[in-house]
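Shared between the two complexes below is chain A, which pairs with chain B and chain C, respectively.
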Partner chain A sequence: MGYASLESHLPSSHAPLLPPGTFLSISDTQASDGNFLLHHFVSNYIKADQNVVLVGLAGILVHYTMVGRKLGVNLATARTKGNFQFVDGLTQLTDYAAPNKEYLAKLAEPKPATTTSTATPSPPTTTTTGARITRPAAAAATPLAPPKVLSYSPKLVELYRALEGIIQETASKTKTGPSEKQLVLILDDLSVLLNCGWPCRDVLALVRYLKLLVAKFNGTLITLVHADGLMAEEVSQDGLVKGVFYEADYIIDVRGLDSGGSRDVHGQLSLLHGPGYLLRQRSGQVRENEWPALTLHYKILDNNVEVFAKGYSSGVL
Partner chain B sequence: MSSFKKRVPSAQASLPAGCRLSAYNGQVLISTGVPSLDDILGGGLPVGTILLIQEDRQTSYGQLLLKYFLRQGIVAGDKCVVVSGDESPEAIVRSLMGIAGEESLESQVQTGVDNRDDEDEERRQRRKKAAVAGGDDEDSEQDRLTIAWRYSGLKKFESGVESRPPAISSRVNKTGSTTEPAPTPSQIPFCEQFDLTTRISAKALESADTTLIDSGELQKAVLAGDSDLEDDSDDDLAASVAGRNQPDLYRNVLDKIRETLIQGGFSTTLLKDPSAPAPAPGTAGLAERHICRIGINSIASPSWRSKTPHDLYKFLHALRGLLRFSFGAAVITIPAHLYGTIDQRHATDGSTTSPYIHRLEQLCDASVRIESFAGAQTNASSAASAYHGLFHVHKVPVLNALIPSSTKLSVLLDGAAKGSGGPGQSGSGGSSKGVNNLGFKVRRKRFAIETFHLPPEGGVGQRRTSAEPSSGSSSSSLSERKKSSSAKASANPGPASGSFKKTGSSEEGSVQSRARSLGVGNQPSGQVDVHSVPGASGIARKMMGLPPKGIQGAVTSGCSTGGSDAGHKHIHGGAGSGANSSLLDF
Partner chain C sequence: MAPILEKIMAGKEASPFILVKDTLEQSGQVLGLELLSNSPSDHAIILVCAETAPDRLLPLVKGNQKKAIVDCYSNPLGWVKDITFSTTAARDATFENTTTTVSLTLRNIRKATKVITDLITSQRSNFTIYFDSLSQFLIASVPDTFNLLRSITALLTDTSRIIAIHHEDIPDADSFLPDSSSKPQASNSLAHIATTLITLKSSEALRQDQEDFKRGTVTAKEFSYLTVHGNAWDSAVCEVEHKRKSGKVARETNAYHQSTPTGNLTVVNVWDVVGDMPDIDKMDLEESQTADPAANLSFNLNLTEEQRKAKNDTVLPYLKTQESTGAIYYEPDAADDFDDDDPDDDLTI
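Then we have the complex of A and B:
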């Protein structure tokens, strides 16, 4: 059930899931990593048998699998069922990951590409020009297809189309019964996109497009962005953080304690209302106290995260 | 006749050489060559991760850590990839340190010299004595506490990580015979003890599996465009493949690294020959695997020219993508002090210097910063000359788990300490931030990271009878401020020693006599001793020159060993408290 102590503070209308058509933005700092929140949502959606599309731009599938195991979800079975889809955004995202053409020529000679290779994404041959998802040919041979890989393209639009394809496929595969399943699209790290060279404007446009896309599929969007105070001096970094905040309905801001590190409290997380929430509130779409704006403290344990009110940590009481 | 069979531990033999499993979450760890750094990382550097070392300014301790990493790799038989631009990678490999107790290139035979470091030696002697005297450690004569006996049951506060005694018997070769069989993987120690005074032996150099990438050569090739360069040597792959399509230094270096990983079979996803049978899955196949250690010296130094500011980030991103699916790890040093202005340094939590470096840290799994005292502005150096610098830990690896293993396992980061601070919580191991300041010292034989603490005032058993000479402009400015704070301060320029003003009021006289009667070792000639006052943040301030007029005499120093406490209180007569506070504000 994710982190039980966090549950009570999340919007209760569709608990334990998020209301569809909304956008939750998570921001963190280097001292206080916001990664643990992503695991919470992944485990909630999987346990509720809904769809999850997780784009790992900075993390790998093994990481989520192992943490998921600690939280009680089995991502491997979820993948075979079709509920969980992992998109690899780490290995081939940038043009650096694509080897030079010369090097490819040398490599291509001695060996034929076989269809029985289990986990080998074939070296992409046209990455610098076209943009498509390289789907390993071994999908039929093995029970678990390797995750789809996002390959490099100069324009983020291609990335969007790739994700669109994946979402459509996931939604159509698991359409059983009258009710449509809820979907959540999680982008592990938006800062990676910005730092790899794509302009801030493009990244924000991608976020906007994705938000509308998932709303069509009865889903929510969750993004993680790094928002250290140190980075606020750079215009593009600051612009991304603020831009994402303006698009969001819910904001969870994770940062360290002002007074320094502590063994009992690892940091604080603030639940905030984004502009989208205020608009919806005004139009009457949300109930009064669905998402109270709070600041809480948290402590990360081995397989759980304790979230408590300020000053109420178990080390104090 | 029992049917019990002895269960043979089979897991140990199935790891690659020189690795071990993490006690916390079972990851495969390799050693960085420095035991205390291994401890900070939670047992070792996990395979598949990147450690970023932000270098120090005028010294090369960052490169020293890199050399430790490579040298440990050579001991374990790992493949070592050395990338360097400022120094030729060959020079780096040649200057690696030798193993403690082994013959070196110059055939220095350390006969009769104990191989351990001085401190460890003392500790071991003491323990040996205690063991011989009978009884276990707690009850032996030296260790038995007579006053604070309630504390005898607590664990000893470890300020450092002891290094493993080297396994000498299997290592020493007298004549470098080639008939000695290679040590099996289980015999290779996780972390060998090295000797900084010796160089790597020729035999070890020959058997080492290294790939040298000279980024300076690559840079020239990039700038020269399509021109051909002649091959320098067999080891140097610089000239052969120059990027024709997108001439870019970082890309070329990354291509080389990728090629090395693929050719050496270190990657699990990019296979050299997909038609060949894959190595057996599971732990049984791990024993045949080798580790690839990548060491990059001074990345992003001025000799590395990049096309865009995002190059280095993309390089790290792609390197992470490569390493996560390979049996390899990387240690990268970067001259972080070149990026960012003075204003951007020393953020409130003591963390990194500039946004540029901060971005890179996001992609690295672990990040540390070395700040050496050589030529430093602060006066901490003079007060703590036992240490060579401070060691800041910005990030520790968190892989496949919610919390890093070092919070549970690390001694230096206070993970293993019992939770004596918080009531009701026992040893739950929390955030490692802000628990200990760490400093490092480089001794003759090893590089050690320990908790940083200022030594007792005046040194143990040493009385300082004359103030030390001024060591920086900041200290004299402080003395200026102090002198001007008192209204009647005489304009005495701040030489090292002042003198009691014997003229004047009876108050002064009484102060002096009171001071003398305290008998704390003041010189009768009336030399005023001033010395450093330890500050809370570790910046020791020196107060020079005369104290303000109200506290004319009796600023003593060199307190005897028995009475020193942490914040040394200057013994002065009952002068006005206002003047006192200016002297005592720390």
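Then we have the complex of A and C:
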């Protein structure tokens, strides 16, 4: 279980997992990082032996592994089992990080048995205009294949195709049991795509396509987007947050306290009803009080996050 | 006097273009679908789905009219070659029998216009076309979206109409350009061409405004894209501006109420939903309905016929001067020392 105090506030139909075919949008700010929620879901899905595809656009695998350890999951084991797939969307996403071809040619020369534990790509056979999922040579010594890397492409559709391939692969590998496993695709985070230069409209389209894709595989989509008040003046940032909120079925907004920082309360967490939720209520897919809209406070501890009602912080009681 | 929203819902007020303006805080989708469900039975209903999956939208349209779906949702930018996002509903035989589905991308709104107008003409009947989000079109191209609306308007018959949901808070394609402030806002232009404009507000937002008005203060609001009071299922406030064919414009603030999330909408007075309103509109109404001010006095301010005649016959003392060109008429009294000469004659400057 991730954070026990958060469980009761999440949709209960498929608890501790999310209902398949839905999209949870998490928004956060500079003052209050929403990352802790992602770790909660990673931990829950892995403990329930379901599939997780985590696209790290803003973080590296080591970070998730360390936090996972604190929450009691071993991401390395999960990767070997095939339950957990990490996609590196950080090191080579932009053309700034495009590999130096000469350097790579040298690497390709003798000693193919050298272990490469991080994501150094093998010499590309195609140019960088196409999408590649570079799979570094997994030498016999390493038991684990290094994570797949998303390489730069001027068109975001290539990124979609790369993720599509990964999801299909993950789902098919673990389809051995009688029932299909649930999948969760986590994008951490969307604002990176905007900052790297892809237009807002394309990023929103990516979210739409991914949402439809994971629904086919009995999955849920979770994304993180930055929604600071200061950034609202910028049209693309503002458009991205609003667009994502219109697409979402569930919205959790993590924000700092309006009155400033505090030792006992690190911020507030709001469960919000967006237009998508209203429509689902109208069609009867969610019952009246299944997921009430409310604001809670939270405090991040070393191994846990405490979520409590406003005014009930342990520092106050 | 029934609220204007109720008349529009019942079809008693004709309106060729109903525009529902909403925001994240209060979605207009539920109202839009209710308006659509009340379409006349001889209408063909065309659902243009850009923001909601067709299989989610179709069950919410009650009524037995013939339906056609334009699916702009599943493949907005043409990233997938064929639509394999078929849903269980699409495979259901009854669905296929009563509905035609056309898939579109939103990359080229002009092509989309052709497809939609062809679909309309192929229906060969009065129609109601429903856009679940014009904003998805506007984010592609503002002028092309307006051309799309114009092309549809050209096909409108006596009772056919367009119902469109527009999200005021989503930036349109023009907003992303550096010189966006000099261009007309798409929102305003849409409001001009719509014959009925319904702006949605959440009941809680209006309650807050009323509280502030009573107290005479404005509560400081911390920044958020959406509050916990957003999208309450039980009620919402609608500001309606309806332009009649005669040219008269009816402006009212109504509200709707639901007793269960899946139940029917009932149009109610806004103060039933928001609470007693000491608001300006109500006060203005009271003022304009006040009786004759000369009614309850202890003296008589009215004129009899004779008095009125006498009043009209009085000669006003300076009437002659009012009618003249501007020459000065000076009539000296006995005490005046009248001298026609110019007093400054003896000056040597």
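Just so it is clear, the second predicted complex is superposed on the first by the 287 of 317 C-alpha atoms of A that agree within 3 Å, B and C clash if a C-alpha of one lies under 4 Å from a C-alpha of the other, contacts with A are read in each partner's own complex, and residues count from 1 in each chain.
Heads up, the rule we're going with is that contacts are C-beta pairs under 8 Å (C-beta built on N, C-alpha and C of every residue); 3 or more make two chains touch, one makes a residue touch a chain.
This is a predicted model, so every value here is computed, not measured.
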_Touch test for A:260: chain B only (first), chain C only (second), both, or neither?_
first
For A:180, using the defined touch cut-off, is the partner it touches chain B, chain C, both, or neither? Pick first, second, both or neither. neither
The answer to whether chain B or chain C touches more of chain A is B
Open item on the list: I'd like to know which partner A:208 touches here: chain B for first, chain C for second, both or neither.
Closed with: second
Practice prompt. Answer with first, second, both or neither: which of chain B and chain C does A:7 touch in the superposed model?
Written response: neither
Checklist entry - So, A:192: does it touch chain B (first), chain C (second), both, or neither? => result first
Next item on the list: Answer with first, second, both or neither: which of chain B and chain C does A:70 touch in the superposed model?
Entry: first
Both partners, chain B and chain C, contact chain A at residues 229
Listed in rising order, the residues of chain C that touch chain A in the complex are 22, 24, 27, 29-30, 33, 51-52, 56, 59-60, 73-74, 76-77, 79-80, 84-85, 133, 139-140, 167, 169-171, 175-176, 180, 222-233, 260-262
The residues of chain A that touch chain C in their complex are 27, 157, 160-161, 199-202, 205, 208-209, 212, 216, 227, 229, 232, 235-236, 238-239, 241-243, 245-247, 251, 253, 255, 258, 270-275, 277-284, 287-288, 293-295
Touching chain B in the complex, chain A uses residues 30-31, 33, 35-36, 39, 58, 60, 62-63, 66-67, 70, 90-97, 99-103, 107, 110-114, 117-121, 123, 191-192, 195-197, 226, 228-231, 233-234, 237, 256, 260-266, 299-303, 305, 314-317
Within their complex, chain B touches chain A through residues 25, 241, 243-246, 250-251, 254-255, 258-259, 262, 268-275, 278, 308, 310, 313-315, 317-318, 320-322, 324-325, 344, 347, 349, 351-352, 354-355, 358-359, 361-363, 394-395, 398-403, 414, 419, 421-425, 428-435
